[in-house]
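Each chain carries a letter (A, B, C, D, E and F) given by its place in the written order, and its residues are counted from 1.
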Amino acid sequence: MFDPATQDADRPIFHIKIINGNTCQEMTHSINATAQAVRSHATHLTTVQPKSGPASIECYYDEYLAIPGILEQIVLDTDSDAFILACWGDPGIEAAREITRRPVIGIAEASMYVANMLAAKWSVVTTTHRVRDMVEKTVQKTGLGSRCASVRTTDLAVLETCDRTTTIAALIDMGRRAIEEDGAEALCLGCAGMSGLDQALEAALGVPVIDAVAAAVKMAESLVALGKTTSKQLTYRPPELKPIQGYPDYMQPQGLQK
Amino acid sequence: MFDPATQDADRPIFHIKIINGNTCQEMTHSINATAQAVRSHATHLTTVQPKSGPASIECYYDEYLAIPGILEQIVLDTDSDAFILACWGDPGIEAAREITRRPVIGIAEASMYVANMLAAKWSVVTTTHRVRDMVEKTVQKTGLGSRCASVRTTDLAVLETCDRTTTIAALIDMGRRAIEEDGAEALCLGCAGMSGLDQALEAALGVPVIDAVAAAVKMAESLVALGKTTSKQLTYRPPELKPIQGYPDYMQPQGLQK
Amino acid sequence: MFDPATQDADRPIFHIKIINGNTCQEMTHSINATAQAVRSHATHLTTVQPKSGPASIECYYDEYLAIPGILEQIVLDTDSDAFILACWGDPGIEAAREITRRPVIGIAEASMYVANMLAAKWSVVTTTHRVRDMVEKTVQKTGLGSRCASVRTTDLAVLETCDRTTTIAALIDMGRRAIEEDGAEALCLGCAGMSGLDQALEAALGVPVIDAVAAAVKMAESLVALGKTTSKQLTYRPPELKPIQGYPDYMQPQGLQK
Amino acid sequence: MFDPATQDADRPIFHIKIINGNTCQEMTHSINATAQAVRSHATHLTTVQPKSGPASIECYYDEYLAIPGILEQIVLDTDSDAFILACWGDPGIEAAREITRRPVIGIAEASMYVANMLAAKWSVVTTTHRVRDMVEKTVQKTGLGSRCASVRTTDLAVLETCDRTTTIAALIDMGRRAIEEDGAEALCLGCAGMSGLDQALEAALGVPVIDAVAAAVKMAESLVALGKTTSKQLTYRPPELKPIQGYPDYMQPQGLQK
Amino acid sequence: MFDPATQDADRPIFHIKIINGNTCQEMTHSINATAQAVRSHATHLTTVQPKSGPASIECYYDEYLAIPGILEQIVLDTDSDAFILACWGDPGIEAAREITRRPVIGIAEASMYVANMLAAKWSVVTTTHRVRDMVEKTVQKTGLGSRCASVRTTDLAVLETCDRTTTIAALIDMGRRAIEEDGAEALCLGCAGMSGLDQALEAALGVPVIDAVAAAVKMAESLVALGKTTSKQLTYRPPELKPIQGYPDYMQPQGLQK
Amino acid sequence: MFDPATQDADRPIFHIKIINGNTCQEMTHSINATAQAVRSHATHLTTVQPKSGPASIECYYDEYLAIPGILEQIVLDTDSDAFILACWGDPGIEAAREITRRPVIGIAEASMYVANMLAAKWSVVTTTHRVRDMVEKTVQKTGLGSRCASVRTTDLAVLETCDRTTTIAALIDMGRRAIEEDGAEALCLGCAGMSGLDQALEAALGVPVIDAVAAAVKMAESLVALGKTTSKQLTYRPPELKPIQGYPDYMQPQGLQK
């Protein structure tokens, strides 16, 4: 972990690990590209993907099967100063905060905080219609429901976001409806696969559009620079000791580094 | 699945499977005992536990590592008419509803519906202090926050609920505070491990005390008798087709029975 | 009241009384038909209607003039193990719970619990536009506002629901709008007069449609089977002793069986 | 009804009828005394009580049996320009608004509006503990839950409020707790029987104490002076035509003056 | 201040000062005309405007620059018995309540209380689209969000409301949409500049339309007649002593009359 | 404003201006010290105070008289890339966002976002009891009420926070109560005057304690680095053109740089 004492005073190096929520390598690369472009000079940043889990997260089943692999990326890490969960849904973030003191930031919450500082009301534009309930629950768990004008879904599957032209067109269409019909004054891009599209959308729509990955990188850098660590007071205490069948030793509560 | 046509008209047999959320066999037995005692004559009921997962669920980490094993019990089942998730937290219930049309009932929600029919306000009394956030979120996702007077936690670990004397004493203490200080007029027992204690607590406290497992058995029987199946309109549609790395074939979306 | 000791062990008989909220005999018959069709073999079920009150409940005036007659049906009853209030509005249910320990179930709440177990969001489709406020308040008092996608009203008067063809057409129209525009994934039929239409609507709309009377029968059977009684802790204590002018002796608080 | 054209231009006479919610004549007199003391010179004011109903309203059963008699007082009235429902609970107010265009004001809502103009947060202090749920629902239906610091109940039965010494002592005790523990900065007296005690309590507690009857008189005068009538757009339209069994002709929808 | 002892018993004179929120003299006159028309005979009423501040309040910048001038009108006043803030937004009302014990009424809150007594749900129709957020916050701070069907904005600038024909047409259009699409059953005119238009709109739309200035005059008269003063318990205590740079002596906390 | 093209590629210089909300120079110095200590190497940071306004903000009167001076600091600034409002209350932030496209961050909101990333529930500990309502409204306008466990006030005046020993003792006392009685798992220091005390409190209390000034510096750096600007879609559009009496030319809407 980051120890100011052993670093060059002028240029400390923060290590931030981004964990793509799914197992699609192309998306891992795209997330990494966005993140590297916005990181500060003092940040060393790596993007990984879980060894197990779905190629994309588009329903609760996908999400729940993704979480053990996401958590494994934290359990096995001893170098990073902070973690970013790169799936708009912040899957498993409460558990992630239990297994490490190092800050864990979700790209969903990060994008909402940024939107909240730029606009009176904002909307989330995202992928396929069926994720509406998941997205609404993510807004609720972050606590910002009263500032969210709407959740707007499209016909896009997560992996179809790799087709940038189609994706931009769909997001412009839904973004416009969010602005005109729902009163949105900024937009959160509600999928890690939409990373890198914010500027094209801002040009088309004329409102701030938040790239959730980029937002999370700055939030992670902020928390590390402030020297803050996750509260171990109650909810996020380390897991209680007990055997967890079918999982490797390093995933057992007694094996977790504290 | 239940087919009225092939059953004895006078006595149809409903198959209900209860899935203990954790891998503690003693708790599976205790859940089963409660359930068998309250099932109707027309119900055939089995209680199972996941092959993988924690011995008890006391934090988000436990819960998320339990869910794949819980879902597997549904994926591999072709006989049951309905499923009960026997952990107060209804872990993974949204995903469970995606992978089958057959009703899935959580013991948490079932106990809240029963309490709601008996009292103007009710509280949840449960295990260790750190689960407060999880329990509050369970109440919120069910939608009944405005009827919940409070969540009262104790010093009890989940597996300590096997010590009935200690458990009853702790629940009487906290139940009394919920009644006197928070305005509770009924209590939900917020842990599958507390199953079977409702009558002792009712005798001591004088308010309805809801055994969540028993409540869920009746809710499951109700849904099956009504011939109702889970909505496949949007949120609970079957998972989209995609590979899920690290999981067996029968857990792949294309392998799921619809 | 139900006494397990005096019943045949194999087949206890539960007595459930359904009270139609209005004084329309045709609707009492229709409610009864639905209820008899779904009751379990162990249930003995009768449907009655108040001696006084409106022929249909379509506004607050109707509702308030109906309640004394509804309550009288409970006050004078010594045989039933549970009561069902068969008007979507659960009129007078708080008072009903004060005057008996035996469970009282409203068809509105029952249908919402069932919908809640089948769908992430559901709507209520009901009669004439002017009841919107009443229906919304019923959802709020049950506590499930956050799970309700919308209340959709039609041009139908309550007694026009006897014309099944017109009623089904209107409900399909409004149900479809609830699904497509409001995000409903299941529907509650918001009037006792719509009892018996759920299957036709499910066939037309492809989502679960909840017959509120049927739902309530199963909820009532569940509570009786669980041996639960209404909380007498605070809100639902028996009425305080005092004269109530203009009402018969058996309606006086001192005359009420406890 | 009030017709400006036929009145003396300098001193129009408004007729306001106050309807005590219960049938206790002593309370009717006390309400009337308070009301006469605060009415404006231009107001003619009478206080009546229902011919039927409980001697006091302390539970839902009381409230529901009181409402037909309360409504009758409006149905049979052709002279008044506005009506006041003098029971903190505003019993049957929605129905009252259906059966007349003339304004109907509840003393509960009136007291809350006045408190809202004088204090950032206020509490309701009222009678016996069991009315908490009723009082909270009254605050909710008025819509001011977010401004209400707390509801504080006492050991007082409604009719015990005739003993002023005991009542004042109990209200000072509970009012002080509301101020010190709950953050109340003003108090609503939550029972018509507490009318006339506001000044003694203000002297003892140092915060505004709202006499609900007095507040309602001024609200009623305000609405009449503004020439406003109840909306007949949707919810408060006149009752639909239908027979209402067991009620006299003048209570039938077709008999109601519009 | 009003001292009952020194007044003619038959006709006390209340002094109410209305403070137009902006510095547009034409609007001050129009507000005054409405107010004089509805005041009671016992009320002496003057309408003033701040010496500093914007010609109209259409954004937060306008509002915040208007507030010091509004407060000055209260600070320098020793004669009035109550104050009315005549801008729908009740600008600075919390501060106004700190600097005097005499009641301060906002026209926004007054109009909402009146609407609340006449309709189950009401909407606010107001000026330019950009004020939506301000208007929604005004509804929230009053506490009546759950009774508000919608906020409907128009293309009208505040000062364009002087053109009565255009204004009426725009309000009819938006009022109709509020009624038909949002479920409004009454309308609050959400701008002091719309004062005097209520009757024309009622004639066109058939629902109660609340003139906010008129409503506030009656609320102010009510509070004075009831002898009520602002709570000094906590939030509205006089400002703490401290220098306030750049403001005249009479605006300094130590200079404020208590 | 920051123009990436004209900066040294390796080390762009961001200019951030912090505006102390009050006119106390000692507090301006203390805020500056905290901010300089946490700024990144690429940030140039200045802290100013308004020319007019109160020496401390402890009530609404103080806040409203402070805002014009705060806004003036933005109006006259052409060099900064972002602004921080350094008073926990974020006074005038909506207006500040109207008069510039450059990001404006409030220290209150910044501290809440940081707390939200570290703890399931957090409390605000702050100065004198009378600010409770202001602080609660600040939490509400940010939108994070559901994550806030409580607001805990002390006997401290704002300027008494200069006495660090007393202040720390008071905050430890109230922080402990927030943790033990309210369920807080992190604390926001709810006053700019408490800046610099976070580490002492963390050492004493064992939970994350958020220095609001430090948090805001990192949020401001984040927004600038992301190249984001305030939405001009609706609410935060530039003020409409109109004269504002009593304010200098540069404060007139037509004089504002866009």
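Quick note on the criterion: contacts are C-beta pairs under 8 Å (C-beta built on N, C-alpha and C of every residue); 3 or more make two chains touch, one makes a residue touch a chain.
Just so it is clear, the structure is predicted and the values come from calculations on it, not from any experiment.
Looking at subunit B and subunit D, the chains that touch each of them are C, F. The angle of the rotation carrying subunit A onto subunit F, fitted on C-alpha atoms and rounded to the nearest 5, is 180°.
Residues touching across the subunit E-subunit F interface largely coincide between the two copies, over half of the numbers being common to both.
When each chain is reduced to the average of its Cα atoms, F sits farthest from subunit C.
Rounded to a whole number, the gap between the C-alpha centres of subunit A and subunit D is 53 angstrom. Between subunit B and subunit C, the centres computed from C-alpha atoms are 26 Å apart. Subunit C and subunit D have CA centres that are 30 Å apart. Residues of subunit E in contact with at least two other chains: 94, 120-121, 132-133, 140, 183, 234-235. Counting only pairs that meet the touch rule, the chains in contact are A-B, A-C, A-E, A-F, B-C, B-D, B-F, C-D, C-E, D-E, D-F, E-F. By the touch rule above, subunit C contacts subunit A in their complex via residues 120-121, 183.
In the complex of the two chains, the subunit E residues touching subunit D come out as 10-11, 38, 40-42, 94, 103-105, 109, 113-114, 116-121, 140, 142-147, 179, 183-186, 206-208, 210-211, 214-215, 218-219, 221-223, 225-226, 228-236. Contact residues of subunit A toward subunit B in the complex are 23, 50-56, 58-65, 67-69, 71, 92, 94-95, 98-99, 128-130, 132-134, 137, 140-141, 157, 159, 234-235, 237, 239-240, 242-247, 251, 253. Within the complex formed with subunit B, the residues of subunit D that make contact are 132-133.
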